């Protein structure tokens, strides 16, 4: 049984329709990529899952229909790292992490230790204002915040955006380790298709709000139109 | 969009026609009331230019009205180097004096934005009524100054109130056209650019300092003219004629009118006049409804009525009357436009 | 211009009075800032809501309760009232332009003022505060017990709030909602209820301020109007999105105004507010964000 299933999801921003019926699935412990050009609807797809955009259609998570309110997604175990990180810049690193665990009860010490294990730089900057961190560190913070929730599904929007390749490598390696540890699933939106396919087992390609190609990474890499349009060779 | 232009032009023609013909159908007293609505309208036009089109908030425009009113009073009574000025000629002077004051205020306003600016301008509104009391030999203190009753010029045979009505609305229509042209022109575009994004405006080469102070000056000019007319209509000025709360009423009128809708300001002006002076009428009228007992004589009822009306109007029309009109006519112009 | 006679005793007394005034401004300024931070709305009804709750306290005490018996009841009513008003009046128009919402609070202020006149008449009523009006001697200076009590209660309240915001999960959620709504939703903070909570807390702050000042200035429907103006000034002085600034600004303003009013004859009592605003203007020209506020650095 799949962890998450989208059936014909549509979404709009005011009068403009961004998703024209997107269907996809993710299983437990999978890393799945969503590829596509600017404006294809990748970010909107993630928003539709986390409930931060108006949608119609079914989103089934863990066998149950997911209510449309954003708090519901967070409570159900979905953590969304938005485009641009969405860190609480005026709050400290530690407070950002605390917020990640907002929906959980009980002690968060172990989770914090784990996050600091992945990203030691965050521990160094524990009491610093999040807004003073570099781009790469903020991305780590955003990821760490998501991890604090012990999510079943992690939604990642453009993690590599604006970051140096070395930092990106660090972040994706951390992602691989996280995925392995709790059977967490990751749905990652990436414009850097090569990078995404290097780590993802499967991928979906979106164009103008619908899925046009889907398959395993190997299948996509073999697909000529995908290669030409998104992989650059 | 040509259709929009035609709509606005026809609206103006209708308005002008109504203005000209209305006094025949209403009592003399009503004409005076409508004249005061016209004065509020003029002030609101100015405020709309500043806040609606240029994004600067002012909670002190009552002070500019006071400047205009007192200028007119002083020039008519004390005179200028011994010559007592005819009240009519003082109107543009009052506007200019207020406008200069606006430019002066506009300079420090450049450093402030949003609520900070609102508070400082409110400070001006609060401080202003104290000035005539402190410098009472010049400003007449709390008793103020008394002007000659306004008389129609050139022996025109019409009542005083009708004269004030035509004077006010004549000026109002002229100033409306001026505002309309301003807003559609290069200055107006600069104003709007600054309102929408100062950073982008500067990158496009628009001088913030020049246009923001200009907006203050122009809006103060309008307020000054309105204040001047008010002084003429009242035939006296004193600190209570332009109280602190006037600045607040103006902002209320602005919001009800719809911030950047020039025509909407008429509705805003009407509402603030109506609520100030006829809250008791509304109470009496509501009294007819069953289960409500709103004795307008009881203290507090006018405030309750005023408050409730404000809340209801703003909840129902969050973008003001102007916003409502745009929503109603929006689809119309879109449909017509796309067809052609 | 300056007053001739000056004694240290009187200076100390004026200082004490100024701190007491400032404590009241601080409470209301804090209420204003809490709502402003999370919603960008200035609640013009803050003062009237405070007076209204104070009248409720007076009514309860008329029924036989002591001040401290009525106190928690009034706070509970104030909290509920604030939440209800936010849900009923503000939430339906939360996407409207800020000015619209501000006008609604203005309408609310008028409505409450009228209601108070209706219900409790226009007469001044005696509000017996919890502190005695006798003075005690501190280092040779007679200080009113009431003043000490007012300042103490205000400090206690602010301290409790500070602890709440700093250490509790709910407080963190409220701060998050004020700083970044979208991300707050993503981590599961119920932003909408955080805003309502903000209104509830703000109303409680106002109620305390009202109950503290009523014994001093006599309770009547217009009691809080000038105080609200000073509170705005204090909030701006401190920086509109800084709670610390609101408290510091309040105290500073209270002391400065009292001193100015007493020692600069030209100002007297009529020009206190304009003088204060002029000083604040000068400060804002130098620091456009107030003492503790943040203004996005924008070099254009």
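To keep things simple, chains are lettered A, B and C as they appear, and every chain counts its residues starting from 1.
By definition in this document, a residue touches a chain if its C-beta (ideal position, glycine included) is under 8 Å from a C-beta of that chain, and two chains touch if they have at least 3 such contacts.
It should be emphasised that the depicted structure is a prediction, and the values quoted were computed from it without experimental measurement.
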{"item": "Innermost chain, taking as reference the mean of every protein Cα atom displayed", "value": "C"}
{"item": "Leader among chain pairs (count of C-beta contacts)", "value": "B-C"}
{"item": "From subunit B, the most remote chain by mean C-alpha position", "value": "A"}
{"item": "Approximate Å spacing (C-alpha centroids) for the pair subunit B, subunit C", "value": "32"}
{"item": "Gap in Å, rounded to a whole number, between the CA centres of subunit B and subunit A", "value": "53"}
{"item": "Subunit A-subunit C separation of Cα centroids, rounded to whole Å", "value": "43"}
{"item": "Touching residues (chain side subunit A, partner subunit C) in the complex", "value": "50-52, 70-71, 74-75, 79-80, 82, 86-91, 95, 98-100, 102-103, 145, 149"}
{"item": "Subunit B residues touching subunit C - in the complex, by the definition given at the top", "value": "51, 57, 108, 111-113, 115-116, 118-120, 122-123, 126-127, 130, 133-134, 198-199, 202, 208, 248, 251-252, 254-256, 259, 298-311, 314-315, 318-320"}
{"item": "Of subunit C, residues touching subunit B in the complex", "value": "36, 42, 89, 92-93, 95-97, 99-104, 106-118, 121-122, 221, 229, 232-233, 236, 240, 270-271, 273-274, 277-278, 280-281, 284-285, 288-290, 298, 300"}
{"item": "Residue numbers on subunit C that touch subunit A, as the complex places them", "value": "169, 172-173, 175-176, 179-180, 182-190, 294"}
